[in-house]
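Chain naming follows the written order as A, B, C, D and E, and within any one chain the residues start at number 1.
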Amino acid sequence: MSRVAGRFVLPALVAALFAAPLWFMLTGSLRPAGLPPPRTLELWPPEATLDAYRRLPELMPLFRYLANSAMVAAVAVPLTVLTAALTGFGVRLLPPSARRKAVVALVVVLLVPVTAVWATRFEVFRLAGVTDTIVPLLAPALLAVSPFLVLLYAWSFGGVPDSQLQSARLEGAGWLTVWRRVALPQVRPATLAVAVLAFTFHWANFIDPLLYLHSGDRYTFPLALRFLLLLNPTDWPLLMAGCVIATLPCVVVFLLAQRVLLSDDPLAALRRGRP
Amino acid sequence: MTDGGGLRLTGLVKAYGPVRAVEGVDLDVPAGELVTVVGPSGSGKSTMLRLIAGLERPDAGMVAVGGQDLRDVPPHRRSVAMVFQDYALYPHLTVRENIMFGLRVRKVPKGEARRQAGAAAERLGIADLLDRYPDQASGGQRQRVALARALVRSPAVYLLDEPLVSLDAQLRLSTRADLLALHRQIGSTTLHVTHDQAEAMTMGDRVVVMDAGRIRQAGPPQEVYDAPADTFVAGFLGSPPMNLVPGGGVLGGAAGGTVGVRPEDLALDPAGPIEATVDAVETLGSEAVLLTRCPDGLRLAVRTPPRLSLRPGDTVRLRFDPDRLHRFDAAGRRV
Amino acid sequence: MTDGGGLRLTGLVKAYGPVRAVEGVDLDVPAGELVTVVGPSGSGKSTMLRLIAGLERPDAGMVAVGGQDLRDVPPHRRSVAMVFQDYALYPHLTVRENIMFGLRVRKVPKGEARRQAGAAAERLGIADLLDRYPDQASGGQRQRVALARALVRSPAVYLLDEPLVSLDAQLRLSTRADLLALHRQIGSTTLHVTHDQAEAMTMGDRVVVMDAGRIRQAGPPQEVYDAPADTFVAGFLGSPPMNLVPGGGVLGGAAGGTVGVRPEDLALDPAGPIEATVDAVETLGSEAVLLTRCPDGLRLAVRTPPRLSLRPGDTVRLRFDPDRLHRFDAAGRRV
Amino acid sequence: ACGSEPGNGDGRSDGADREITVTLFGDAEEVAGYTSLVEAFEASSDVGVTLSPVATQDDLMARLTTAFAGGAPPDVFLLNFRRYGQFAAQDVIEPVQDYLDDSEVLGEDDFSPRALDAFRFDGEELTCMPQNLSSLVVYYNRDLFEAAGLEPPAQGWTWNDFLAAATALTGGGTYGAGVEPSVIRVAPFAWSNGGDVVDDPDEPTIFTLTTDPATRQAVDWFLDLQLVHGVVPPDAEEQSESSEARFLRGTLGMYLNSRVAVPTLRSIEGFEWDVAPLPVAPGGEPASILHSDAYCMSAGLDDHAAAWDFIEFAMGVEGQTILAASGRTVPSRLDVASSDVFLEPAEPPASSQVYLDIEPYLRATPRIATWSRIEAEANDLLAEVFYGRVDREEGLRRLEDELRPLFQQPAVGS
Amino acid sequence: MTRAKGERSLSGWAFLAPYAVAVVLLIAVPALLNVGYAFTDHTGLTRDPQFVGLDNVRRLADDAFLADSLEASLFHVALSVPLRLLAAVGLGLLLAAPRPGGRWFRTAVYLPTVVPDVALAVLFLWVLNPLYGPLNQLLGLFGHPGYTWLSDPTTARVGVVLMLLFPIGEGFVVVLAARRLLDGRLYEAAALEGCGPFGQLRRITLPLLAPVLVLLAVRDTILTLQVNFVPAYVLTDGRPANATLYLPVYIFDQAFEFSGFAYAALITILLMLITAAIIAVQLLAVRRWRVLR
């Protein structure tokens, strides 16, 4: 029976622990406004209501902010994946000594604190004439969000044997074709992981819109959440509803990806998903 | 199909750090010839193929196909197909897609590519695997997929790196025949690396024996077998290999040199000049090999018919055919 | 050293989903015996070894070593060493560390483990690779590392899954001899899977022929060769394999059954009863194989001495030794 | 939506067209007010406005610093008084004095002098136009007062009256008063008692919480509310439920805050509430602290005409009325402040006159460049003392000692 | 030049080129500007910074807040990085094995990672709530009175670490994927050589995952020191008594709140040096794992 404990009871406890924050966020958003905070662990609010969600759009142009966020994500996520995948493949192609140098260089890039570039980047954007456009929000995508994602790809591509890459070359494929048709399809779990991480990043990106966007009607949802936070610091249901809306797309994207990403055998899961 | 053009290697050298994998190879393969390459493990066979394919840059020397120097031609522009020792199948593609890959890359229309892939699979007996993935096939089946992938194309040069090792004896025999038929039909220049004595002897127009990054001998198989250029080749081809007797010994003196005799050129003969004790009898079904030892400690292998009632410890007398002796000088070269 | 104890398999069954890899295997290997296992690709050889090692749980049946049922003994507590078909070397360890691994796990002191690893490498001719990583070695070299790793230990049972395929003929021969010597010295019960006819015939005290998850025949090699239990075994052992003539044909009628004759039991004889045309001549150095075709379309392989001046298309006459014919009934069983 | 709008990006630098960017801060409802203001302005003018709101003053600072450092500051930005010194000291604000003097729409005496004075960095020239005039007041729960048999607070009530009321209200899960421990909450009490929190309001070099006896008395009275009398929710209670939430729920008698609380308090349905002035020190005089935000124009831009047009409109009767309607601000325009829009809206508090009565007694904290930093650190330390995490004497001494260097920080941007 | 680089490595560099351009424009140039500013009197508001030499460096020496900030950051890294790594690796390995419902266990572990920083902080304001928060209520079940988490320097720091123990999904997924890539055959070989489950973990899994683990550790160190402060900023904003005034918070305050742009630039350099030093120590410590091979 200790087998069952090891295989199921422990994982289930861990899972419950990690799911708890999200659960409490959800139930928190369903509490009626003005109810005193619960004094015991409460799994479901007594008079659950969607009232907070109804009040949200009245307080701010919720849907415009959401649409702006969605548009940024729609452009930035594919761009991030593309950048990371191409760069990671480049690292993979280098001979071992050069590869080591590239990895060290990427770690150095990773080392540069974000605070070092926030304000000074503005200068670059101003010179390029792109302040108050979507471009500054796409800048992280051009950097693959973080060199970490590039390294993730490089490492995944490492799993594709040299002989396959060479075989494809001999069959007449250029390196871009090899990347697209031989290497990329084999690291789809990595692509999914990068896409999820990129989506979470871009969707929750707060500092870039704060610093580089000026027009209120271009704002993304994380900025809007800050307005909400101020509005009535004690209106927990409203706040939680805002958080739920901020979190929901990430959860949905993740749930779509986890079917493959976290399944017992990602390769098999991908094949089942084929048309 | 392609007429290809011959392959010429001139002074090829390649080292991996301190390891000198290929050390000056010159080879001339006329268009359409099939050459088998044999040599001990680590002798640089795979490396030579990789140099021809352009997957490695030679440290020195030149590869030319059809008279054209390929120095600056990247692999995907060389008209070369290769079967890798480890198959190099694409795990994310089905067997059919694996076979079609090279055609699709070269913009052959999908329907046509499918048809050709189907035909190649049919020929190699893997037609029923077409919709499986490589990891759902057994070792031998995978190897045939790799072969099919090379065969659907019509390159100037085929490079086959031990394409049959994972097949069982029966399958090996039939695939070997298929390969030969195909070669005759397409006529591409082909280099075939193998460890198998039978393949080396039967498949090629010529056999190339490599050792330590160099070509020791190249020529028609029977010629190489009958007149090995040096003791290395003599000891390498043939199973069991030639009995080499430094100094000549019982086979007749050869001061400073070596005298060799093949096991099949020794025979049991109660009146033979050589006396030996039987160390072991290896019965191979159709024949047997006697491992014997002369009183002076010299070991001689003798090929005999099976079902002899000899036991280890028995004493036998052997005769040899003086015409079939091979003589080598002190440096091991044939005289 | 270990005396090991014999190995007994009783009614072993293992299926992967719909694929029935092993379907009821009974086998009894006395302590210290070396058994070779042959069979076509996919016949369940590797699966059988994995069941013995405990890497798979049998669906039914039992594995016992030295009389002890191993059902609930996990692999790391079984005294079993295995050489995997694909080597399974640890990429993060040097060749030396790979060989030492098992010793270190068993708390053999470092110095002692190094010494033993060095000795094993020496014996297999890979001593100069000791400080390289597996990916810096050639295919044949890797296989020897895998072998060395198994050989430094002294388990009750050795399971060798095609341990010699990647070696060239010479190395194979010498390694084979090494293995045999070692076996004699250590005396562990050993199962040796191979595709190589010569190995199957020469190495084992007994040979086991598998097909489709079952054992077709088990016995001393020459006995199996001389008296194959059925047409499958007859066609499987021997290279080229036995000529099988359904209905008997030119070999003399056998209503409903099959008559077989080995290529070495056919001989060229101008007065022979069988007329045939030569399709091909495969010269193997020490001998040649004639592939011939009778007027009724029947193909017969004939083993002959080398250096005959026959060309494809020539007509020859063949004789056979009636005592050496093999007769099988309609179900393919020997009569 | 963004990508499809042609020609965005560098609209302003074209020169010919009249486009300005206005950066300001506020919560969702305030921003809605500013949006109406901008719409009204655009309807009456040829100037186009890009409204660029952020939520908090911290966010505002981040955005302004980035924009200034990057060389593209907004035309107009809203600045709280306590951050003002930092900007004024570095001459990045285009003074409004000349524009106001030339204006045909606005006159200096339309506005609260106290508010204007706060934005004269050198004491002479007006640099920004303060748009509101909030102050620290006491919101109280009328029903609780009645239930406890207390008189509602009246003009001129004293510290003792306050403490007595708070004590009477405390008990049974209810607390008498809620106040956050910070410099701007303590200062009015010190002023009322004749002291000051710093040694020199114009060129401060140190806090005087312990050295000035009058200030010390006020500080002790303030700290005693929590540490001795327990009429203010203790640490854990305050963290669990803020004073504002408590007041909303009806379990807090009095709540000290500025006008900013009003929109939230208006959501109260269960009881009556109103606003009262701060209690006066025994023998002292009334005092409160100025809370004000001002429109500033960035220095160094080519043309300030359009920006001034906007400020003129926002500070005019129409603009101030629009904002006053939100209930959140006390207009700095005294005519609008004393009009019915502010004093008699349909909703509480009934006694909005309180904000105006205190106007003559409003004082401001020092305007030095490092003030916002000093204040932030001081609040931290004060909270430690207020909630008894450190000993009172030691905590106050640390507050004075540790912050002393901040007063001497190199004068930024000199 | 026959010994010229192979076309393959040329192609490799070509694939890296766009990224390199982006790095130069968006990281190198801004970062170098920032380094330059560290030796000026730039406030962030004016546009004509003057070179002041080492004035700012001298200021570092007697900045008591910086000392507090350093202490907070180092405490945070020392506690947070090992715990986060342990959790990610432990859970990754624990949940990697196929089992019915395994996917949902893994999903649950990942979920907190998708919660935006601000939302996470807001949530933990409630979790750590001294009277109503689930954490103190849980402690109550064991008869512990609970803490006023955010009032005491130590518990406040622990609270932040606790909060950051939840979003470990990235490391978790990477460990999971890496573990799956390992050849099952190696485990079989090891088992047959007498290696039990623990031995396999020690001799096969960990060494083979070493490059990934080191990468994760390096990244987590950087993340913890430099990026993860956003939720901390919302949760505690440096309080109480500078206990959570992590370096990035201090930098942010200096650069954006207090017109200390140049000084902030200098502390940024300091932060980078500290991060590099910690990473160097880590790499030295695992040198024998040959992670860069």
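Convention: a residue touches a chain if its C-beta (ideal position, glycine included) is under 8 Å from a C-beta of that chain, and two chains touch if they have at least 3 such contacts.
Predicted model, so just to flag it, every value in this text is computed and none were measured.
Each step here moves to a touching chain, and the least such steps from chain C to chain D number 2. Common neighbours of chain B and chain E under the contact rule above are A, C. Comparing the CA-atom centres of all chains against that of chain B, the greatest distance is found for D. This structure's chain pair with the greatest number of C-beta contacts is A-E. Note: centroid distance chain A to chain D, computed from Cα atoms, is 38 Å.
Here the spacing of chain B and chain D, counted between their Cα centres, is 91 Å. Here the spacing of chain B and chain C, counted between their Cα centres, is 21 Å. Taking the mean of the C-alpha atoms as each chain's centre, chain A and chain E sit 16 Å apart. Counting only residues that touch two or more partner chains, chain E has 6, 44, 129, 131-132, 252, 255-256, 261. The residues of chain C never reach two or more other chains; the list is empty. Within chain A, contacts with two or more other chains are made by residues 37, 118-120, 123, 226, 229. The residues of chain D lying in touch with chain E in their complex are 58, 61-62, 64-66, 68-69, 71, 86-87, 90-92, 235-237, 239-241, 300, 369-370, 372-373, 376-377, 380-381, 383-384, 387, 389, 402, 405, 410, 412-413.
Against chain B, the residues of chain A that register as touching in their complex are 161, 163-164, 166-174, 177, 181-182, 185-186, 188, 267, 270-271. For chain E in complex with chain D, the residues that touch the partner chain are 41-47, 55, 62, 64-65, 129-133, 148, 150-152, 238-242, 252-253, 255-261.
By the touch criterion stated above, chain A contacts chain D in their complex at residues 34, 36-37, 59-60, 64, 67-68, 71, 118-120, 122-123, 125-126, 129-134, 207, 210-212, 214-218, 223-224, 226-234.
Against chain A, in their complex, chain E makes its touches with residues 6, 8-9, 11-16, 18-19, 22-23, 25-27, 29-31, 33-35, 37, 44, 91, 94-95, 97-99, 101-120, 122-123, 126-127, 129, 131-132, 134, 137-138, 166, 170, 173-174, 176-178, 180-181, 211-212, 215, 218-219, 222, 226-227, 230, 248, 251-252, 255-256, 261, 264-265, 268-269, 271-272, 275-276, 279, 292.
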